Every structure is written in C-alpha cells, then in structure tokens.
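Think of it as A, B, C and D in the order they're written, each chain with its own count starting at 1.
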Amino acid sequence: MSEKLMISRMGASVPDTIWVQGRDLCTELLGKIGFAEMTWLELTGELPSKAQTTLLEAMLLTLVEHGATPMAIATRLTYMGAPEALQGAVAAGLLGMGTTFAGTAEGAARMLYAGLKDAPADADISALAKAIVDRELDAKRPIFGIGHNLHKPIDPRTPVLFAIAEQQGYRGRYVALIEAVAAAAEARTGKSMPVNATGALGALCCELGLDWRLCRGLAVIGRSVGLVGHIAEELRNPIAKQIWMRTEEEIARSIAIADAKQEQDA
Amino acid sequence: MSEKLMISRMGASVPDTIWVQGRDLCTELLGKIGFAEMTWLELTGELPSKAQTTLLEAMLLTLVEHGATPMAIATRLTYMGAPEALQGAVAAGLLGMGTTFAGTAEGAARMLYAGLKDAPADADISALAKAIVDRELDAKRPIFGIGHNLHKPIDPRTPVLFAIAEQQGYRGRYVALIEAVAAAAEARTGKSMPVNATGALGALCCELGLDWRLCRGLAVIGRSVGLVGHIAEELRNPIAKQIWMRTEEEIARSIAIADAKQEQDA
Amino acid sequence: MSEKLMISRMGASVPDTIWVQGRDLCTELLGKIGFAEMTWLELTGELPSKAQTTLLEAMLLTLVEHGATPMAIATRLTYMGAPEALQGAVAAGLLGMGTTFAGTAEGAARMLYAGLKDAPADADISALAKAIVDRELDAKRPIFGIGHNLHKPIDPRTPVLFAIAEQQGYRGRYVALIEAVAAAAEARTGKSMPVNATGALGALCCELGLDWRLCRGLAVIGRSVGLVGHIAEELRNPIAKQIWMRTEEEIARSIAIADAKQEQDA
Amino acid sequence: MSEKLMISRMGASVPDTIWVQGRDLCTELLGKIGFAEMTWLELTGELPSKAQTTLLEAMLLTLVEHGATPMAIATRLTYMGAPEALQGAVAAGLLGMGTTFAGTAEGAARMLYAGLKDAPADADISALAKAIVDRELDAKRPIFGIGHNLHKPIDPRTPVLFAIAEQQGYRGRYVALIEAVAAAAEARTGKSMPVNATGALGALCCELGLDWRLCRGLAVIGRSVGLVGHIAEELRNPIAKQIWMRTEEEIARSIAIADAKQEQDA
C-alpha cells in the first residue's frame, strides 16, 4: 500500500454533527453565516470579512444570468430529454462554461498575477501595462478582459464592480493594472477597448487573493444558480421543444435553399 | 415555421446594461442584494423577504459540504484527468446528486404536498400521517425523509433547521406533517425514526412554496459550491492520484485473495 | 479497514501488456475482433457469436444518428463554449439520453422480461400481451415501445431489425410478445399502434439476454458516435452560434408580440 | 432574423425512413455495415474502405478498457448516486478524458501534422524529427506520444498498431516521423523513449487524414464502451460503495497520523 498520507480537511460527518472546514455546521454555521460566506469558507478554509463577502457577492451575482445563453439552452434541452435527472441538465449547461465564456476572467487574472508577481511596491503600472499590451499584440494574441462586442462604449458592470471594490477597500494594484492595460491597448490601437466584466472579475479575483484557476469556479457556482433558474422557468413555461423544432425547421429550410441554388447554378 | 410563441423572461443583455428577471443588474442588484437573494429571484422571479432569505440560506448551507463523498471523489478524479476544464470536474460531481442522495428531499416534498393538497385547514395531521405511513409500509416502500444510518438518535441538522424556520415564521403544516409521519412510523415499527435533514429540507421547500422538483436544484446549487471547494483544496494538496492508486491496489489485492481462496477450495 | 473484497475483473495494465476481460489486448484482441465484438465483450465478459455480433451491430447503428436532436444541439452549443474539452461537449449531449428518448427501450425490455419471467414454454403469448395492455391502459400508463408520432403507419426500422434477428436465430419469444402487445393495444384502442424502434430494441435486448438496465447503455454508446460526428461537422461548418442567435431573436420577438397583445388587451 | 444559412447534413427523420449522411438507414446501412464503419461514416461523411475500417477498429479497441481508471471510478460512484440516469454516470467518466489522458494523442497528431505540413515528399524525416525534439526540449516542454511510466522498455500496443497499419497500407510518413522523433529524443536524452500508444494513435489519426481535434473524439467513443462495461459489472458486483468507504477511512486515518505527528513535534 502507498505510504503517502491522503489528507483532506473539507469536512466529515459524525453521529451528532457535521464538521465543515473544522467548524460545527449545526452550532457555528447554520443561521450564523450566509451563502456567500459559506462559498468563501469552502474556497479558502477561512471565514471572510464583511468586505470580502460584499465583494464576492457582487462578483457571483454578475455571473448568474444572461438570458438564453448556449448554456441555458443546453440545460433546457437536456431537461426535456432527461427530466428524471435535473442534475444532468444543470451539468450539461455548466459544461459550456469553458474557455469561450469563462476563460477570459481566468486569463485576465493569470495575466495580472504574472504582471505584478515580481513588481516592487512602487512599480510603474503604466509601463508594466504597456509591456503586456505590446507583448500580446506583437504575438497577435487577444488581451483578456478588454473590449466587448455588445457592451459599448463601456461594459456597464465594470464601474459598478470597481466602485463596490473601492467601498470595501479592495480597489488595489490589480484593478489599476487592468485599467492601465485597457488604456495602453486603446493608445496603441486607437480603438475603444474598455475593461469588460470578465476583466473586472479577473482583477477582483486577484485583489481577493484567489487562485486564478478558481475564477472559472466562481463562474460555475454563479451559473449553477442561473441554470436551475432556467429549469424553474421551463417547469412553468416549457420552450425546449420549440427550440428543437425551430432548429430542425431552419436546417431543413437552409438545405432546401442551398440545394435549389446549387441546382440553379448547375 | 411554428407559430407558438417562445417566451423566456429570465434576462437579456443590451448595450448599456443586463436585465435579470426584469431588473437592471447594475443599478438594482449588484451591491444591493446577496447571493441567496439572487438564488430566490432566479427560482421564483421575485425578490425574497428577509425571512425567506434566512431560511433559504440555512437550507443551502446544509447541502454544501459532506467531506469525501462520492461526488467530491468524482470531481477530484475528473479534475486530475482534465485540468483544462474545471467546469467538467464540477459537472462530474454534480451528476452523482441523483435519487440516492438528493432524491429523498424531493420525495419528501412530493409526499408532503400530496398529503396536504386537499386537506382542510383543520385537518387531523396525525391521521394524515398515519395514513401515509400505513400506505408506504404496506407497499414495502421506504418513507422519504425519515431515519438515518449515521446520525442517531436524531439528525442534528433537523432541530436547527426547524428552529430557524420557526424564528422566521415558516414552521407550518408541512413541518408538522413530516414530524407526525416520523412519529407514526416510530409507533408502527417500534424503531427510532426521526426526521432527517433531507426530510427537513423537503418540508421547508414546501413551506416556502417551491416546486418539489426544485428540491434537487437546491442540492445542485449548494453542492456546486462544495465541489469547487474540493478543487480548491485539490490545488493546494492533491489527493486524486492516491485515491486512484489505492483503488487499483485494493482491487489487485482482492483478486489475489479471491483467486488463492478459489484454488485452495479446488 | 473494511474487510469485504473489492473485486473488478474488467482489465489491468502490466509492463508488457494490457489485460481486458482476462484477454491479452495485444495478442488476442487487436486486429482479431471488431468494435461491436469488443462492446459485447465489455458488457458480458464473453466474446460474442457471429449472430450476436450481427444483431448487436444493427441495434447500435439504429441509435447513432437522428439529425439535429436536442442532444446534438446541446453538444454543438457546448463545444462552442468549451472547445478545449471535446469530452464535455459529448457528455452534455449524452446527458439528454434519459427517460424521454432512451427510457422507452429500457421500459419495453423491463416489461417484456417481467411478462415472460414465470411463463411456461407453451404460454399463450396473446393472452399475456392482452393482460399487459389491459393493466397498463387501465392504469392510464403509456405502453413502452408501441406507436410513433412521426413514423406512420409503421416504424421502418422495426421490420428490418426483426428480419436481421430472424436471420441470426434471435427472433424468439420476446419479439413475439411485443408484437402481440402491439396487436392487443390496436385491438383495444382501435388505433394503429405498431412496434416502434425502441420497442424493437428493447425486445432484442431481451433476446440477447442483456440486463434491461443496459438498454440505455447501448443508446449511450451508439449516440456517443453520433455526437462526435456532429462535432466533426461543426468543425467543418459551424452552426452553433446561429442556433444560439436565432433562439435569442425568437425569444425577443415572442416577448414583443406577447407584450403588444397584452397592452392591446388592457 | 439572421440570413446566414444553417446547414447540417448529418441526418433527418421522415415518416417512412431515417436518413443518415445521405443514406437510407433501413435499406443501406442496417445489416449492411458494422459499427466501426458507421463511426467512420459519421466522422467523415463517407463509407470507409476495408483497410480504413480495420485500422480504425484497432485504434478504437485500444481505447476501450484500462481497468479501474479515474474515469471508471467516477462512473461507478456516479451510478451509485444516480442509478436513475445511466447516461450521467457514463458522462461523468467521459469528463475525465481530458488533457492528462486523451490530450497526448491529440498533441501528437497536431505535432505530426504541423511537422509535415510544408515538407516536400522527399523531406529528411530524421532532420525534421530532430528539429521538433530540439524545439520542444529547449523550451522544456514534454514531447507528446513518447515514453511511458509503466510500459517499459516499449509500449506493447505500438508495434501491434503499426503492424496492422502496415498490413492495411497505412504505415506512412506520420508513423515514420513519430518513430524518428522517438529516436531523436533517445539520442539527445540518452534515455529509452519509445513511441507509446497515444503517440501511435496520434500518428494513425494523421495517416487516416482525421482532424487532430477528433483524436479525443475517438478516445471518447472507445471509452464510452468501456464505461458502460464498468456499469454492467457494477450491476453484477457493486464496488462503488467500498471505494467511497475506503477513501473516507483512509482520509480519517491520514488526518489522525498527521495530527498525532504534529502534536508530537510541538
């Protein structure tokens, strides 16, 4: 048998209580802390300050609901096919929270951590930002957390999130760096490239000291609420079958048009 | 094209804001409500009262963390195999939140709703409970939400959850019914069969007026927090490979013992 | 430590080979058996006869592809969101293979096994079938495996599957029973209710002696091929974003119509 | 409404048949082609030659079963938690087929395609291989498809797969390149670094002309068979609960040892 110890201190059940992160669920947590505090406790092993809770709540709220996203559609279609297993429908939706949608906050946090890793306290943030922008654009890579297709000229969530961070004493160097990155990108490209919500979330993950790989975890937690919400609406007013039928109809229509065109061209 | 309207009012994005349940995310929700309130808003389309929030938070907290559950193990093993996709690791764990673990709260809520559906305000709860118990036990079916293998003589979460419900004005007929069901089951079987946490959660779903099919959704939401927590710990101190290796070793050891025994018997 | 042995004989890796079901992958299986034979070997621990292979292949083929199903749509949308994790996109699609789509073959197999469990060799199949139909319709339950919304008057797959079964010597009592169930249902309802493909698959699972709970497993195996196929087409010609955009547009259009109508009515 | 056509030609159902890739399922496919041929048809839209089928079958077989892998354990634990949804248990296992386990074949195929993309027919394969090895090792990156922890000195699957490819006329430049990469890596490091099974699979994907992103799809297809196989064995002889219990016991034991040691040290 392997000799290495296999240690996890997340929690344990004993006959007269449940231990969670070294705390008694029944006497120390239930009725004493809120859901966002519990989230912080799970992520870090420590209870959060009021400021950390407030900021984390705003971040989680931002991630819950965006209407008929690909994730919400996948959840509804899956629930129609497997109503016996709500957990599978939520899982199907969460599986779309990958690099396209959740990866940018993660990428922004990683970039910001790396950018300030060895920087002295009095580092020139603008110069650091310019170096990042030049490196990424020279390599023809997109800069995470900057610009948005729909939300123009600014992403309305960013100033609100940063204002909450400021009130709570968490508007620090990472926020400054992403703002400087946005400014440097605008200066170089001549285009409007404000910090978007995923950039703001990535910067705030850094301010809170969370591992950049957990940015995607926050997205998953927030979106799980939204996807259960979509199932709740689907129970009241189902639309999954219509989404399916219209997709089939549209494909049939498109094929007919394409085939007619091809015949005509021939 | 189908003519039936395809309506969903969960949310929508426009250039200058994001609408969630008919509310402006940036001006009405961020920094104004907490994560549990957002959960209620998503489930029902309405903002909760303070009492509803407090009760929902206690319910969600109960579902977050139970240590090295099958779900947590599945999440850790999956994260080891696919670290590029945290969302898949959480999804793998959520997929185990089925009838065995989450189905009992759901079953209890369904039973309680059905039990009081046509009951007058002054119905004899004890008689209703006895009828339920007799029907289920006569059919040799288990009664959802009663008894526990580990938590004896009582499940310590139940009195805490019911006390919070009482403080918030939500200890009503559904709680009374599940307590009467437990008493009737004990009277008939002569065994200790107290209301367990899933029974308590099922009853409180009913008190809050939530669809019984959403009980499993609350479990999924709560557990998504716990599973991201397990990934956070796995990042700090990985144990997935050891779980795998020990399982392989134990299977090899078991086969060797079984084969040696068979040879000996031959 | 638990003392119970933990035995699995599916396979094991050693330095110079891989054992699969007690056979040497490299010298006994690779290049010696086909993919369907491997499937049978995994399900049963034994290599199949030629007849079993032929029948299983026809069954699996039936399950692979049905165009733009809810499962295929979920897979494509998920792949768009998380292209880093093809496995997650396939998983999202498979999660829709539940009671609505795959549950009927399973239900048919369960019904047929139960129907012939204690029946003597010379049992009156028609009488057994009539009893099943009366029991289900009296209880207002649907009969699994009978009737089809689209494929009328018959499901074209059924006669082909049964003909292959007959050629291979596997058209036995379970096929006879489901055909008798269909006849009895038509006699009682006066409507055309032929055996559909899921009914045929359920009956053939029984003829092959497979556990009825594995019917859904065959559906999952077959559909995994189809869903990877949809990703292959999505790589050549992506449509996921259009499915998403059109769904959003249609919801916005529907809300506008509904709101205008409501205003008009007010 | 968007004007872009939304075309998918995978399949469609009409009352009297099912079309799959432009072929009539009932008259052209059922009983006419095998499961591996159907897989090829789904991936490419064309029926395979006998040689392509034989090679694809060997590749798929290699991916089906490796005993109590993390994927198989996740599937079994999930099935215990949610026996109502076999599809979820298979999905949970498939979610672990990520970069750690399936990513190497993909990475190898990508590397081989890139390596020969602009190479003339008479390119010096050894020189190309040396350049690849130098580039990867200079950047301290691992080389995909080379070396194995367990299978030493060679991976026994590799010569069998390459022999089948040779018999079928598919041992071409990509196989030559990966063999040359292995030789160059051995020459530079002085260590034994033979082509492993994932390297062989990656090379054969290239020989067959499949998109490198579909390598992972083949792994998912093959493994779905293996995971349903594990559920079949779990139905006959369940071990999931023991895996869970032993993991919990081992964690409790490890914590006790660690805490005792810490106390002793204090």
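For this structure, a couple of remarks:
What we mean here is this: a contact is a pair of C-beta atoms (placed from the backbone, for glycine too) under 8 Å apart; a residue touches a chain by one contact, two chains touch by 3 or more.
In this text, all values refer to a predicted model and were calculated from it rather than measured experimentally.
Taking A-D and B-D together, the chain pair joined by more C-beta contacts is B-D. Over half of the residue numbers at the subunit C-subunit D interface are used by both copies of the sequence. Centre-to-centre, using mean CA coordinates, subunit A is 29 Å away from subunit D.
Taking the mean of the C-alpha atoms as each chain's centre, subunit C and subunit D sit 24 Å apart. Distance from the subunit B centre to the subunit D centre is 35 Å, each centre being the mean of its Cα atoms. Residue positions 6-9, 12, 67-68, 82, 84-85, 87-88, 91-92, 95-98, 239, 243, 246-248, 250-251 of subunit A are each in touch with at least two other chains. Residue ranges of subunit B in contact with subunit A, taken from their complex: 1-2, 4, 6-21, 25-27, 29-31, 33-36, 38-39, 42-45, 54, 56-58, 60-62, 64-68, 72, 85-88, 90-92, 94-98, 102, 150-152, 156-157, 160-161, 163-164, 211, 213-214, 216-221, 224-226, 228-233, 235, 237, 239, 242-243, 245-246, 249. Against subunit A, the residues of subunit D that register as touching in their complex are 5-9, 12, 82, 84-85, 87-88, 91, 95, 247-248, 250-252, 254-255, 257-258. For subunit B in complex with subunit D, the touching residues are 67-71, 73-74, 77-78, 80-85, 88-89, 91-93, 95-101, 103, 239-240, 243-244, 246-248, 250-251.
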